[in-house]
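Working notes, structure below.
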Amino acid sequence: MYFASDNWAGASDPIMNALMRHKDGYEPAYGSGKLSESIERRFQEIFETDCAVFVVGTGTAANALALSALTGPAGTVFCHKEAHIRVDECGAPEFLTSGARMWGLDGKHGKLNAQALAIGFQEVPHGVVHHGQPSAISLTQATEVGTIYSAEEIAALSEQAKANGLAVHMDGARFANALVTLGVTPAEMTWKAGVDVLSFGATKNGAWCAEAVVFFNKDYAKDFIYRRKRAGQLFSKMRFAAAQFEGYFEHDHWLNNARHSNTMAQRLVKGLEGLSDSRLAWPTGSNEVFAIVPKKSAEKAKAAGAIFYDWPTFGLDREECPKEGEVLLRLVCSFATTAGEVDQFLDCLK
Amino acid sequence: MYFASDNWAGASDPIMNALMRHKDGYEPAYGSGKLSESIERRFQEIFETDCAVFVVGTGTAANALALSALTGPAGTVFCHKEAHIRVDECGAPEFLTSGARMWGLDGKHGKLNAQALAIGFQEVPHGVVHHGQPSAISLTQATEVGTIYSAEEIAALSEQAKANGLAVHMDGARFANALVTLGVTPAEMTWKAGVDVLSFGATKNGAWCAEAVVFFNKDYAKDFIYRRKRAGQLFSKMRFAAAQFEGYFEHDHWLNNARHSNTMAQRLVKGLEGLSDSRLAWPTGSNEVFAIVPKKSAEKAKAAGAIFYDWPTFGLDREECPKEGEVLLRLVCSFATTAGEVDQFLDCLK
Amino acid sequence: MYFASDNWAGASDPIMNALMRHKDGYEPAYGSGKLSESIERRFQEIFETDCAVFVVGTGTAANALALSALTGPAGTVFCHKEAHIRVDECGAPEFLTSGARMWGLDGKHGKLNAQALAIGFQEVPHGVVHHGQPSAISLTQATEVGTIYSAEEIAALSEQAKANGLAVHMDGARFANALVTLGVTPAEMTWKAGVDVLSFGATKNGAWCAEAVVFFNKDYAKDFIYRRKRAGQLFSKMRFAAAQFEGYFEHDHWLNNARHSNTMAQRLVKGLEGLSDSRLAWPTGSNEVFAIVPKKSAEKAKAAGAIFYDWPTFGLDREECPKEGEVLLRLVCSFATTAGEVDQFLDCLK
Amino acid sequence: MYFASDNWAGASDPIMNALMRHKDGYEPAYGSGKLSESIERRFQEIFETDCAVFVVGTGTAANALALSALTGPAGTVFCHKEAHIRVDECGAPEFLTSGARMWGLDGKHGKLNAQALAIGFQEVPHGVVHHGQPSAISLTQATEVGTIYSAEEIAALSEQAKANGLAVHMDGARFANALVTLGVTPAEMTWKAGVDVLSFGATKNGAWCAEAVVFFNKDYAKDFIYRRKRAGQLFSKMRFAAAQFEGYFEHDHWLNNARHSNTMAQRLVKGLEGLSDSRLAWPTGSNEVFAIVPKKSAEKAKAAGAIFYDWPTFGLDREECPKEGEVLLRLVCSFATTAGEVDQFLDCLK
């Protein structure tokens, strides 16, 4: 019963098969080979546009480097106060942008909204040298608390950002999970909704180590080969990443993996809804379930071998918070999660 | 006939087998699992000391982050003027150290020597605020031009550095190749010879993407987990790197791979020595051969399908330089190079 | 009627006289002359301790460089959400620390308190690599909203910080104003209350351009000469700054200037208290008065030539906020403010 | 007999008078007042073009921030190997550009030349990600060894730089000294000769602390207000700098100061030429004289109270070097140097 994180799982078979397929022979280094080129074309087909694609090693690198391309000196990036870029990336965005600020804003369900953005734009307006330069907004899709933005919500926030002269970044560490829930196309969830740059994550969804920065607005990509290399993110044997993406996209493997982990999450949700003493902290739109359960139930599950994280609760609104005797759990499903694991876990809570 | 670079090869079988072996099941993320711990112990056994080991994604990251741990504000790193860190890493060392200078020094055969260091220490002495802080020396073993330092040479340069209050870094992108040529132990080539921090490369020697920063002097490792994460180099599914190292070290696979590529390089050397119109620019100590050959021979080889790089010659001493009608070639062998490829190439030069 | 800021005033006479006195003759550059040395001793006398003193050009530089000395990789500095370092220094602290985060916390009257710090320490705990390293707290004395910490409050927050392994920084842009209000010694308001490093400002209190970073804990000062120089803050003709400090400290000039501007502020306060339709947003402890007045009164004053800033109100608690028809004004007094100016302004509000 | 440096002198009278003149009254802070605006117009008149002018506190800041505006990620700046930006600014250019490299090139008389640039452009060509981005050249006028470029030489190097897609920076720490020697206009020595950005120094020539970054190509100035502020270089009481420039430019004071110090330098040169055992290391074009004299003469002068620096000689060509029994001295004249001081010094050498 492993619900600690989707990155506790290994690699799924199509990923490994693709690596096997490409292990031999010679291929130009640093991404200049045919395989890498074919991967870029694959991205362009999937996103139905002439995007520029840069493979990097981690989601942290993808986010921080993407933001470095969007922020000039003294840049400010507006994001939800719980955004990974602000809280969980060890200052990588600040470091790799040479000092941009991640400006945390409130917002229900872990999501930015029009009012929050409007406040942020007042706090850091254009043209006031003391405040620095408002540069971009960053949306996490699916969010850090398992919720998702609709394509319309993304479009509205993008429009608001652009009306204020800002670029739009999407942290898509769990892009596929949101995508299959919404049932829209990759294009509809990104550039058609105003997204300029996407951190596209495959690692949490079955790859070993495959992340990409995807520029829909190629103006921002101008210097990116240098940004990537000087951050130590240009792999010499780039084909190891390209091969993973080949396996990832083949026969809709990425969508199938995401559908599976989402389905497992919904199985958890349904089970939790059947328990009178448990409830969800936030609506589940992806493969992450945040459940408020009796402390005793959580302890029982742990004793039975379930692995998950208790989630911190400072900064939460009252309705999201556990009461006395309750705890807030994060339960993450992955491509490797089985229905049996889920049911066994639910049994523990009963 | 692929001699462009050792990173044009893929992954060798023991590496792939180890990945296969670890693809399933759950393992704590970010390197806190048992596999990662066992890899650190393996490094400690191999180096016969209680070193601290940090996996990163690229050699550039290994070097730049290692140097960031050795340099305070306004640090200066003394290195050969042809060192990869100064010339070929796109400013990553400068960027990830927040501005340290890579201070290039002369030296025959791509190697630092006592006199060159002494000049450097005069140019950037301690305690002069305008000059910044002398911080470290960096040795590349094997060097960028295929030569190697003996363990005694390393020890002498380390002693000179330490007498001047400096730390010693080794860029070991081709560590194994130098090691098997010298026939010393890993300990003798590093900490017993005064090396404080090593960039240990496996990628060029058969892995996909497996590099490590190894601290023999653990004082410098104090903040390193933060340095690695904020540079976007902490892999979530760290086991993919750990697995590669498992395969790399198993049954002396790393040494065997290095011995093979070195042997192929010596086969090239021997062949070149048999040609009256060709010669070596530098003595070959690793898997890289730098040959001065008639332009016509090089063209003939290219026409026959051989792939290699012409090497730039500015900055070279006269005896290292091609004359009119000659070119300088870099020929790199890898674990995948075959005797047949080498012989075919040599035939082209005849 | 100039209440826009204390830095709209020029230089007071003792400052100018000291500059005149030292304009001729030769003095070693870069602070190695006798005058600079005598200034360091003067600081040591005033603070009754063997502190290390580094002159810099701006308060922004003083704060950012001081924090750079307190933060390692991925550092976090806890401060009030309205702190100048977080809001008003254009990302200089983030930039000059190579990416530390200014972690904004709530707190009544623009002041940090035990509960706010406790929340911050939970949000960014020690040893979680994803969150970065908690490094320091920063207190502004007097605060950005004109209030002040008592020496006991400073001591209590310092103790809490140190119990959590953090350093304590004080932004003393208006140090003298707070000091004369409290009636304590400089030592009591700083190192005796646990402050490790102080940004000591003289510019707002009558100098042209004279700021200093004062290290009570000299461990943090180890590399500071390099930090200052590589940030372009080492003046060649350092005596121009030293001379200003000479004039500043002579015959208690600095305390007299601060007492004057505070007295003018209290004259404003008293006048405002006599108006039925006006009130203070926060209690006035220094030379800054934040007044909530009818919009019409403010417009009348402006029309009469008064110069001041309307203050932004987002993020304020209800009781601090102007109501419909009211505005929040910041009124800053300086050494140059006259009682006549104050009275004329108050007349406008009637 | 003070020949240590021109920054050992204080401030000349017109500078102090201007400060006195502007010490009272109110003026908007941060350079938005009328005085600052009038100074920008004065620069535009002097340079006969619509340049953008940014006051900063030190020459180091001027150079480093100017270069930060010219270099993107992984930038390389080509300069003479003895350039102040490479050797004497404590890594400030590297730090404030977030890691650009100062690429040192050879060149007689401390000057870049066409051949040296051509080699540099080969070493760091465009479009090779491993080498970073060639970005700018930087010329020091007058140079670090007292020589000067003619306007034609500047134009030729600029043309070569621009043909290679690079920007042109001039480090004008001793701009006025070169200008009066050449007898050209400020425009002819800068933008008419292809200079894009100038570090304009007044401090060494009689001001306390007045430096400016002057953009002739305003495209590069786009974000500069943010670059300056986030580096802690935006003075609140900006009028203290503006006033110095007012005094500096009034009645040709700057040119007169420069003429005086150059004349004193030529008096030294003439005296040295009359000594059979002394000679110049480089031709003197500004206020710095580099003399090779018998060690005994130098000691005699020191004993008589002369203050100057022995100059390091590593890296010099043979003809520039002192022989056995000789030393290389740097002798700097300033606005405050007197003919009596010079003659007294020359007497010591006889």
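Letters A, B, C and D mark the chains as written, and numbering starts fresh at 1 in each.
FYI, contacts are C-beta pairs under 8 Å (C-beta built on N, C-alpha and C of every residue); 3 or more make two chains touch, one makes a residue touch a chain.
Source: prediction; values computed, not measured.
Asker: With chain centres defined as mean CA positions, report which chain is farthest from chain A.
Answerer: D
Asker: Look at the interfaces C-D and B-C and say which one is made up of more C-beta pairs in contact.
Answerer: By number of C-beta pairs in contact, C-D is the larger.
Asker: List the centre-to-centre spacing of chain A and chain C in whole Å, with centres computed as mean CA coordinates.
Answerer: 40
Asker: I'd like the Å distance between the centres of chain B and chain C, where a centre is the mean of that chain's Cα atoms.
Answerer: Centres of chain B and chain C (C-alpha means) sit 50 Å apart.
Asker: Just the number, please: Cα centre separation of chain C and chain D in whole Å.
Answerer: One centre to the other, that is 35 Å.
Asker: Which parts of chain B, given as residue numbers and ranges, touch two or more other chains?
Answerer: Only 30, 73-74, 89-92, 94-96, 98-99, 129-130, 132, 226, 229-230, 234 qualify.
Asker: Which residues of chain B touch chain A once you look at their complex with the stated criterion?
Answerer: Going by the criterion above, the answer is residues 2, 4-5, 7-11, 13, 16, 19-20, 22-30, 56-62, 64-65, 89-92, 94-96, 203-204, 208-209, 226, 229-237, 239-241, 307, 336.
Asker: Give the list of chain C residues in touch with chain A in this complex.
Answerer: Its residues touching chain A are 73-76, 87-91, 94-102, 119, 122-123, 129-132, 312, 314-315.
Asker: Where on chain A is chain D touching in the complex?
Answerer: These residues of chain A touch chain D: 30, 68, 72-74, 98-99, 129-130, 132-133, 223, 225-227, 229-230, 234.
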